[in-house]
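Per-chain residue numbering starts at 1, and chain names A, B, C, D and E are given in the order in which the chains are listed.
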Amino acid sequence: DDVPIVAAASDLQFALEEIAQDFTATSGRRVRLNFGSSGNFRRQIAQGAPFEVYLSADEAYVRALYREGHTRDAGDLYAIGRVAMIATEKNASVVDPDLVGLGRQLASGLPLRFAIANPEHAPYGVAARQVLQSRGLWSAIQPRLILGENVSQATQFALSGNTIGGLVAYSLALAPPLRERSVHALIPAKYHEPLRQRMVLLKDAGTTARAFYAYLQSAAARRIFNRYGFVLPDEDATAQ
Amino acid sequence: MSADWLFLQLHQNAPIPLSLQISVRAGELLALVGPSGSGKTTVLRSIAGLYRPQYGTIHCRDDVWLDTRAAIDHPPQQRRAGLVFQNYALFPHLTVRDNLTVAMDQGTAAAQRTEALRLLETVHLKGLEDRYPHELSGGQQQRVAVARALARQPRVLLLDEPFSAVDQMTRKRLQNELARLRRRIEVPIILVTHDLNEASALADRICVLHNGRALQTDHADSLFRRPRSPQVARLLGHNNVFNGRLLTVNGQPRLRWGDQQLELATSPPLPTGSDVDWFIPDSDILLHRRGRPSLGERENPVTGRVTECVPLGAQTEITMRCQGGAQPLRLQISTHAARRNDIRIGADIRVSLLAEGIHVMNPVDYRADQSLNFSA
Amino acid sequence: MSADWLFLQLHQNAPIPLSLQISVRAGELLALVGPSGSGKTTVLRSIAGLYRPQYGTIHCRDDVWLDTRAAIDHPPQQRRAGLVFQNYALFPHLTVRDNLTVAMDQGTAAAQRTEALRLLETVHLKGLEDRYPHELSGGQQQRVAVARALARQPRVLLLDEPFSAVDQMTRKRLQNELARLRRRIEVPIILVTHDLNEASALADRICVLHNGRALQTDHADSLFRRPRSPQVARLLGHNNVFNGRLLTVNGQPRLRWGDQQLELATSPPLPTGSDVDWFIPDSDILLHRRGRPSLGERENPVTGRVTECVPLGAQTEITMRCQGGAQPLRLQISTHAARRNDIRIGADIRVSLLAEGIHVMNPVDYRADQSLNFSA
Amino acid sequence: MDWTALNISLQLAAWASALLLPIGLLLGRWLAATPMRGRGFVEAAVALPLVLPPTVLGFYLLVLFSDDNPAGWLWRTLTGSGLNFSFSGIVIASVIFNLPFAVQPIQRAFESIPPYVREAAWCSGLSHWRTFWRIELPLIWPGVISAMILTFIHTLGEFGVILMVGGAIDGETRTIAIAIYDRMQAFDESAAATMSLTLLIASFAAIGIVYSLTGRKPLHVR
Amino acid sequence: MDWTALNISLQLAAWASALLLPIGLLLGRWLAATPMRGRGFVEAAVALPLVLPPTVLGFYLLVLFSDDNPAGWLWRTLTGSGLNFSFSGIVIASVIFNLPFAVQPIQRAFESIPPYVREAAWCSGLSHWRTFWRIELPLIWPGVISAMILTFIHTLGEFGVILMVGGAIDGETRTIAIAIYDRMQAFDESAAATMSLTLLIASFAAIGIVYSLTGRKPLHVR
């Protein structure tokens, strides 16, 4: 009865569900997926949380846990996240890769609101800030930002009324439930530091966890990551 | 418009039976007496607007306070009735003074404080104005409640046993204050009391309530001397209520009681041969004293033997078994007289039942009531 | 060991002044009387263990309930004192029956219910056992409180005006029940009452309390006829308390009162010439009747004129201004006698002050007390 | 210490308490006075906001407050600005979320006033309004204090609803609770601890003083 | 509907209420009976858990419960298992978090019993214990019901503390609130709505019935 808990960053919400299903189909083993804020998981693992695999959105957390001796090793880079601009159909005019529409809206002086994850701690928040900075919109938009606790909440904000859109995980923008009711544009990787997502097996990881960890690196899993807009480590020169 | 200031008529079968009609003139004091649970408090609450009887009308001067058929029911505030609650119902968080001033709606704050002090003096509570109710004794609380009812300058004053918790001296003084007040404020006053002396000393009329029914409403003297029914007589604490039969002897009305034939001062409006209830008040039973013939001794002399003799302070209560098979008589005489005349259990004594005092009741007045089901 | 069942001694200056010593034997009924606010409730609460006086001892049989010096203070539960609260203090969420059974600690549930019914019958509340307190009238609540105090089978029964809210008829019946009960339960009973008739009818001894001080504790008769001080006399509602000076005439003790010299039955243990307070009870003032010379008429005749004449039911209260500059006398005579003798305001009347009734008080007994500051 | 966030929290808590005072008094009074039948379900409705996880409640409020919804639209029409991501929005959310904490203690306090005290007030000529001010309010005071303090501190600490509805806008909807959370998530534990401790100590002192000062007036006659 | 999560939530709420009942009675009774001085600060301390954002409180509890800390160590020594990420852990966290909601209503209810009712009980020979059972408890019943219902539903809805301390372990610490939150985060709004609605309706019915059934016994004498 070895059903390990996998703690995963919330941008993996859809990709990982699919991978886990395939994993169960092929291996006959099951895993339990807990999605949440990478930071919270890091903290809980430090206090001995009974997770066996940890997929962080920020590799710094994995390294820190490794230093503190909670993991078997330094883990592996499994994906590199991309950022997307997302908005409701109504606000489709702001959706473009270079944030031209957003800049125009800002210049118009209308009282708009814009959603990102909190750049103080959420990896996608940090990336979003970098995008806005490199487009020269940061100081203008800062007072208009709505900050989600994590990237999922930022996406909810972006698609709720009263915001014009948001910068969120590309993986979420591609997710089936959101596709129909939103428009999005992939932001070029050059506008932000790569979102290097690292996973790791925890100290008490059992066989299933190890099997799942291995499966995550399989071609089948990589295809799914890729389908959800993640860049795979060896597709990118900056990986390693 | 009725010439009465306050007029009320209440009817209800359940949960609390009520069936009465009362009118009180301005400046008149009506005492409401009756056994515990007879509905006295309920009547006052109905007048004040705190209880809504099933059917009823209440008028005060030209205002209709309640008319259940016309769906008129004024709230207590509009009725302006000063009510002293049986349990006082003081405001626990206010000082004695503020319990009074909160009920005043006229004058400056300073004037209200002065008026409050004056009222507290009236009820002999000077010096306690800064206390809270829980720092007062029962009787002190009760007097605050009386003062508060007056503070409102009520148009009707309703007093629910307002002096039950105070000692006799204070009580006497408060009764005097009430008598004085009556002349000053000129509003109808209804006083619920268990003390018949208090009722007769203070009230213009007394209403006897039993099971929610007003059995008789009358001036104290009429009520005590001519109760309408044996029940009223007993409720008023009279012991000497008997059965007899009316006779006519030599054209004179007579009352057969046991073997005796008693003279009557007046001829009752009833056919000869009627079985009747009759009654004689204590004041009309005259003890024959040894060696001191008295004026009334010719009248209806009755001989008997003392079977009980209970001294109660200045008065002594005596029960005598009468000759001739009549029911036992009870009489109160002064303890002094009892001593002087050497009255003790077993002694033979002789009394006169003064014809003037004998009251023959008219069954028409009360037999109808008896079909009702009276409970304790 | 004291032969008394209950013995207490309480002392305190503030906030409620207390200074008394009382002992009550088993089966004895002591009445506690005194003006409103004199501390009666506080004394009962102290005995029950609800109030802790500054200094005091309370013994019950061989148990010490309170000894402030030895730091003994038993909680109310251990004292087993049945207390009827002045405000009844019923348990609002329990039916009448359960208010009683909750206080019982013996017998099966069924036995307790039977016992509760029996007690309710004693206080004439049969049929109301399933009501909640808020569905009862004031007097009914009070009777439940009495029954509850008995339910506990107390070792001391403390009754704080237990009949103040019930009508005279019910009251009489309850007094009889209490008299019967006394014989049965054989515990000390303390009865607080404002009704002096009740006190003298029921109590073996009466304790007069004023401002927390026990002024006099005595048998009813002694108390009413020989009050220790003018204050006690007045607290007991006596009006005829006067000043005079002791004389000796022909070797006989005499009392100068205004111009008169009154005969005395006994010689007071005081020097001739002393200024004294004296008192005569109502029962020893004899009205001379027209044409009916009475036995005592030789004794201390006093002539005067009626200045007030107030009929109070069967009795009439008369105030007479005496000849010879003496203070006015007040007397009660039967209304019947007043009528027969045509007594009204302005009439000249003559009374005898029976020598036997004149009570000369000993200043030594109370002058010390007067240095105390008595307030209303 | 993030003084701006603290300031916003205090303002928010003050507004929520101030608005809940009349609401609690009205609703509590009404519930206490209404005879039993059906009343239980109104009480249940009042308690419902507590059943949902705060973030989820916040999400539904977000939807409710959006311009596409009549409520949000009406607000915008009346005030010219939206409710979502605004201070007004988090005030309203706090009011909804704290409803049971304000209503329940006040209702119980009203229920504990003996009916005859109210009757005595009416018979003393006090209007319903004056009865309320002079008699009932002083008697329910402890309950009101309870209600206000529970509301106040629960608003200080509330996180999920306020983040969802308010969006953590600096200087407008970013409360001290969010600030502490953010510092914590950023692994700046010493800053989080400092803020937490400051908040705890200040609250402790403030509540302690309020409870001590609002000493009970006598509520019972002997 | 996630029945496992609902089951855990109900068990959690039941445990928290059950544990808070005696705690609330003891602390409430003590606070009601203690004279004023200093009492205010105990009341303040009881309210403090509310001041911190739940996740932050959760984090501090996480640290407190860890084996490195005396409390956590003691628990492990006594029970053989850790508090963090266990059902026991979230029960204790819920008890701490709901302390003010349980204590305050009970305390106020005790305060509203007139002193003479208690005195009458003593004079009727009822021990303190029996006085409590037969007299005080029935009289404070509405306050106890309030306390228990507030605790119960606040536990149902609580999210931050429980997520942090419990770690959302399926079948052990994953409550219905977390399940709803997860569905929401996964943009599965219809599932979230279904669960929310089910929870709301069930709670509404349950609370409504409880409030209606625990009809007030008479609390006042006329």
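We adopt the following convention: a residue touches a chain if its C-beta (ideal position, glycine included) is under 8 Å from a C-beta of that chain, and two chains touch if they have at least 3 such contacts.
All values reported here derive from a predicted model rather than from experimental measurement.
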For chain A and chain C, chains touching each: E
Lowest number of touching-chain links that must be crossed from chain B to chain E: 2
Dominant chain pairing [most C-beta pairs in contact]: D-E
Length of the line joining the C-alpha centres of chain A and chain B, rounded to whole Å: 91
Whole-Å gap separating chain C and chain D, where each centre is the average of the chain's CA atoms: 59
Centre-of-Cα separation between chain C and chain B, whole angstrom: 24
Approximate Å spacing (C-alpha centroids) for the pair chain A, chain D: 36
Contacts with two or more other chains, residues of chain E listed in rising order: 55, 59, 116, 184, 219-222
In chain A, residues with contacts to at least two other chains: 40, 153, 156
Contacts with 2+ other chains: residues of chain C: 87, 136
Pairs of chains satisfying the touch condition: A-D, A-E, B-C, B-D, C-E, D-E
In the complex, chain D residues that touch chain B: 116-117, 119-128, 134-135, 138-139, 217-222
Chain D-touching residues of chain B, taken from the complex the two chains share: 48-50, 75-77, 80-83, 85, 87-94, 102-103, 105, 132-136, 141, 148-149, 151-152
In the complex with chain B, residue positions of chain C that touch it: 33-41, 86-87, 124, 126-127, 136-140, 143, 160-161, 164-172, 194-197, 200-201, 220, 224, 234-235, 237, 281-284, 286, 292-296, 310, 312-314, 332, 334-336, 340, 354, 375-376
Complex contacts: residues of chain E adjacent to chain D: 36-41, 43-45, 47-48, 50-57, 59-60, 100-101, 104-105, 108-109, 111-112, 114-116, 142-143, 146, 149-150, 153-154, 156-160, 177-178, 180-181, 184, 192, 196, 199-200, 203-213, 215-216, 219-222
Of all residues in chain A, those that touch chain D in their complex: 37, 39-40, 111, 113, 115, 118, 120-122, 143, 145-149, 153, 156-157, 160-163
